[in-house]
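Take a look at the structures below.
One chain, subunit A, links the two complexes that follow: it is found with subunit B in the first and with subunit C in the second.
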Partner chain A sequence: MKAHPEDFKRTALQELRNEHQRSFLSQMSALNRVRRGQAMEFFGDLKDQSHVREKAAQIKINAINRLPDLLAEFELNATQNGVQVLWAEDAAEANQLIESLVKQYAVKIVTKGKSMLSEEIDLNNCLEDLGVSVFEGDLGEFIVQQRGTPPFHIVGPAINLSVPEIAALLHEKVKMPYTEDPLQMADFVRDYLRQKFENAEMGISGVNFAIASSGSLLLVENEGNIRWVTSAPRVQVSLMSIDKVCPTLEDAMQLLSLLTLNCTSQLMTSYTSIINGPRKAEELDGPEAMYVIIIDNGRSLAYADEECRDAMRCIRCGRCLWVCPIWLRVGAYPYGWCYSGPLASILSPLLLGLDQTQDLYEACTLCGACQEICPVKIPHPELIEHYRQLKKTGSSTFPTKPVSLIEKIGFRLWAKVVLQTKLYQKSLTLVSTIMNLFTRDGYIRHLPGPVKGWFGCRDLPHLPKASFHQRWKKEWKSQSLQAKTKVLKNQAILREGDSYEQP
Partner chain B sequence: MNSRSRIFARLGKSPAIPCNSIAEQNKAIPLKGELNLFLEKAKGVGAAVATAQNLNELRSLIADTIVANKTRSVVITAEDLISDLGVAEIAGEQGVACDICSSSGEEYRKQVFKADIGISACTHAIAESGSVVICHNQYNRRLMSLAPAHHLCILKEEQILANRFSLAAILNEQKHQEKFSAITIITGVSRSADIAQHTILGMHGPRKISIFVLLAN
Partner chain C sequence: MKEISLFIPCAVDAVLVDIGKATVNLLTHLGFDLIYHEEQSCCGQPAFSAGHVQEGIKIAKRFIEIFENDEVIISPSGSCVATVKYTYPKILSNEGQWHHRAMALSAKVFELSQFLVDVAGIEDVNARFEGSLAYHKSCHVLRALGVEQPVERLLSKVRNATLVPLEFSEECCGFGGQFSLKYPLISEAMVSDKIKHFIASGAQVLLVSDPGCLLNLMGYVHRHHPGLQVEHLVKFLSDHIEEGG
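On to the complex of A and B.
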């Protein structure tokens, strides 16, 4: 999937007109809040839940801080288990590695488990260019694959589509006899994909947690597609980003329940697979060869900036999306990639650069709702503020386009003015006088120049002649000493028995 | 310098900080789980559960299941418990074809793909979530609990663990050469809500799971 987050504003404007989607997301958000809230009660009351989240955050912080050691430990143990560990610096190298495996094993059919990393590196297009038939195994991913759109939500990729929309799509693309019965539709897809699962030569999966101490992969799912892609084909390839490594199985189990409770309100999903390696000599199923491709794709660069490391804590539960006021209004498509919502705002800038993704982190209102519910306590607003600052200052890790000369001069002037009280007050008077020239019917609705955009969606009431400070000063002066004392006592500024003295 | 070296060069060295693993904090975890909690949770996630006092009762439960589901073919794992139960004979008595899947390669796959019921034992169960844990090896193969539309799992009461941390503690004890190639924790049936939030049971895995517990006494 080619990333185009630079189209955020244009696409967001289009999506805002989709009233059906906005209303649906709003209802789903309310439902999600109740369901996930109840699910988290497994850990006890809010205080207990906070304790569990704190513990999970510590596990992730610890894992990220020790990333080089843990990756080396994972590689060593996985290799001992018979897994071949490959490394890719970027998407192109990851795709090249998979291409060479496809050629080596003469692969014609690939089945896939849901993997955001595979979307990130645009793997499907790469495989199709090689003439390989690729089938997404997850029902939601299968639907969006037919539609050619990015996943709408990390957990429910096709959650925004209605039953008739999905029915029409499957009828057109995979010749499903038209039906609007979800059970019949699912039955059709089950049979359709069953043939592919049985005949695929290669299965590709993502990784939820990679356990350093044992070299194992831990994968969670509800449908069974991941079990198929890791059991039936001759070759298994699992894609993991460097931040998926976790010290021990106990740590993974702690994170696992937080992931699944926040994803789908389940303590355990239908299937949790712990994969240690390929089949052994005496076994009849499971892959003969197993590869883990550890993909960096910009993460190690971001790792150099200690503040950015917080973004690498994410366990991809997708809960933050359901509380984000921006995502709930514009949906996923404006984010222009496989990640959307707060997840995109903190992750995409690290992977795609601060310039291309500027609108994503600029769109954030810094309300902090995502941080409030994040199971690993990622400080989203702090990260986003950090990106905004980096965008202005630039850094060796994140080179950015220099700020325009006009903006630079504007901010320098502004800094000078606000530091001098009298100059600041005079400029306020001047600016308000100019602005009031544009008043129509008691409101300022449009202004030319650099603030035109700001007034595009906001109105200001006619500005009063005197500022609040000026009015306060004038009225305060006119009050008697007794009146001033009474006011200050009421405000609890003066204690009983004290009186106001004129400075 | 290859890609691996370049990635590690950018990551630098890990700081010398103590390992903050929660493993230490969980040393006192209970291993044994409660039967009633397991049964309640397993039912809650959509499994059909039943208990048997002895092997004969268990045999009757299996026979009833085979008959009730109009089964045409059954595949069974080559585990000791399944052999001791004589599942192949039970199926034979009901006139149902039963494969132990001892054949290799394509023949084995054909048998598994066409089977209506897959009958297996399991290694552990988890009470807090109602899950069964299958450690795959040459006896309990990966596809046998996945491909058939109905998975019937036999469990001994003493195999029930308290929680997921109990399982982690046991798996951690395994030495490298004893490791299973894969372990699957099964919690209810395969499901999906990807079509407009409609719950669909039996997406790509079994549509039904039955768990029969052989009581300890």
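On to the complex of A and C.
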């Protein structure tokens, strides 16, 4: 998928007009909150979120810090299991490796399990250019593949589409006899895909966790398509980014319960696969050959920056999207790539560069809802502030676009003023006087220049003639002393032995 | 009784002077001695959120010098308190002595409701209000400072007032400082939803505890729903103190 996050503002404006989508997302957000709460209530171990989240965060921090060693350990053990481990530095290299495998095995049909990494490297287009027919096996992903749009949510790629929209799409693209009965629609797609699963020469999947100690892959799903993809075709290719490696199965299980809870409010998905290698001589099914392609695609740059490294903890549960006030208003498309919401705000700038993704880390109020819910405690607001800082200072690692001269000078001037009391107070008076020229009936309704945006939907109260500073000096300093004397007489309100230390 | 040092956010100093006045009234009413350092200006939050850290560091150091000899520092703004309490130690972490000073200051600075309930043990400020209230959980108060119960306790002790549930009360109101200027239409979508939920709650007054949220919400209400009442918690409490109580 070609990335175009620089269109954020324009696309966001279009999406904001989609009232139906906004109200749907808001309802889904509320529903997800309830479901997640119920799942936590039911599953005692997850009730104490602060404890499990801390534990999960530590597992990921530890895994990311030991990344080079863990990847080497994984490669060694996977190779012993008969898996062929390949490495790709970027999207082009990954696609070349897959291309050569396609040629080696004379592949005509590929079936896929949902993999954001494959979207990241634009694999489907690359395969189609080679004349290969590609079929996404996940129902939601299958729908957006027909539609040619990015996944709306990494867990529910087609969640924004209505049943009639999907019905019309499937009718047009895969000749589904028109029906708006979701069960019949799902049945049709199941039969349609089953033929592909049976005939595909190659199955391509992603990876949820790669277990270093055993060289196995752990994959979760609800529809069974990943089972098909990783067992029916002759060749299995699993794509993993370097951050997916996890020290042990026990660690992965800890993360797994948080992943499914936050993905779909499930304690466990319908299918959990642990894949240890290709078919052995005595076994009846499974692929003859199995490849794992470990893809960097910019991640080792993030790894090298101590603060950016925090973003690599992400386990792709997608829960942060459901609490992000921006994503809930503008949806996925403005983010212009396979990732959207807070996930995109922290990942896309590292993978695509800080220059073309500016809006992804600027269009954020730093409200912290994503950080609060994140199962691995990623400090999203801190990362976003860090990106904004890198943008100002420039970075030798990530491409940046220089800050506008107006902003630069503006902040320098402002800081100079803030650092000097008298100048600060004088400037306040000056600015207030100018702004108040625009007052009508006690409110400022419009101002030109950089603050114009405020007045699109808001007024600003007439600025007081005297600041707090001035009124304190004139009135309140002495008043508060007088009042204090009065209050001292009223023993009822006074509390004895107050302490200002934290309890 | 010890002295409270007032940390008045720049938005209160310049625009929302009423909130500053209410802070003085409320704390004086509760019997606290107040001091106000006239050298204070802004805590530097806009610089930190915009990534202009070098400018911010200078402002932080000046702030520390002004306030570090006080015993307790109170502000009617969650986001400004969060800046001093958490951002200062972080951005000064490589500056040895300055980091220690930032940490020492961090332990002494509180958001007003946090101070009243968690530190001073005051829940009842002797206020009365005939009617219903809704509270918008200002992001930095709720998530950066973890202050939720103190506000509820203070409001539960307002005689005759009912606190009604507000849907999506934990969702950002769309202010976000520069965000509201850079992305005015996304911000508008957020603030309009917040007010929609407020109207649906049936409450007479919507309370907030951050001057930023207040500017945003009152500005929107003034333009689109004149007559609706949005107030800062401190001003609300101060305005409804019962005489002679």
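As a working rule, the second predicted complex is superposed on the first by the 454 of 503 C-alpha atoms of A that agree within 3 Å, B and C clash if a C-alpha of one lies under 4 Å from a C-alpha of the other, contacts with A are read in each partner's own complex, and residues count from 1 in each chain.
To be clear about the criterion, a contact is a pair of C-beta atoms (placed from the backbone, for glycine too) under 8 Å apart; a residue touches a chain by one contact, two chains touch by 3 or more.
Note that the structure is predicted; figures quoted are calculated from it, not measured.
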| item | value |
| --- | --- |
| Touched partner set for A:K392, first subunit B, second subunit C, both or neither | second |
| Touching partner for A:L130 - first (subunit B), second (subunit C), both, neither | neither |
| Partner chain in contact with A:L169 - subunit B first, subunit C second, else both or neither | neither |
| First, second, both or neither for A:Y271, with subunit B first and subunit C second | first |
| Which of subunit B and subunit C A:S432 touches, first, second, both or neither | second |
| Contact residues common to both interfaces of subunit A (with subunit B and with subunit C) | none |
| Contact set on subunit A toward subunit C in their complex | 9, 12-13, 16, 22, 26, 30, 323, 325-326, 329-330, 362-369, 371-372, 382, 385-392, 407, 411-412, 414-415, 417-419, 421, 424, 428, 431-432, 443, 445, 450-454, 456-461, 463-464, 466-469, 471-473, 476-477, 479-480, 483-484, 487-488, 490, 493-495, 498-503 |
| Of all residues in subunit B, those that touch subunit A in their complex | 2-4, 6-8, 10-15, 17, 19-23, 26, 45, 101, 104-105, 108-109, 112-113, 126, 128-129, 131, 136-138, 141-143, 146, 164-165, 167-169, 171-172, 176, 179-198, 200, 202-206 |
| Touching residues on subunit A, where the partner in the complex is subunit B | 55, 58-59, 62, 65-72, 80-81, 87-89, 93, 137-140, 143, 156-159, 161-163, 166, 182-183, 185-186, 190, 193-194, 197-198, 213-214, 222-225, 227-228, 230-232, 242, 247-254, 256-257, 264, 266-280, 282-286, 294, 296, 300-301, 303-304 |
| Touching residues (chain side subunit C, partner subunit A) in the complex | 1-2, 8, 10, 12-17, 20-21, 24, 28-31, 33-34, 36, 38-42, 44, 46-53, 55-56, 58-59, 62, 71-72, 90, 107-108, 118-122, 126, 139-140, 143-144, 167-168, 170-172, 174-177, 179-193, 215-216, 218-220, 222-224 |
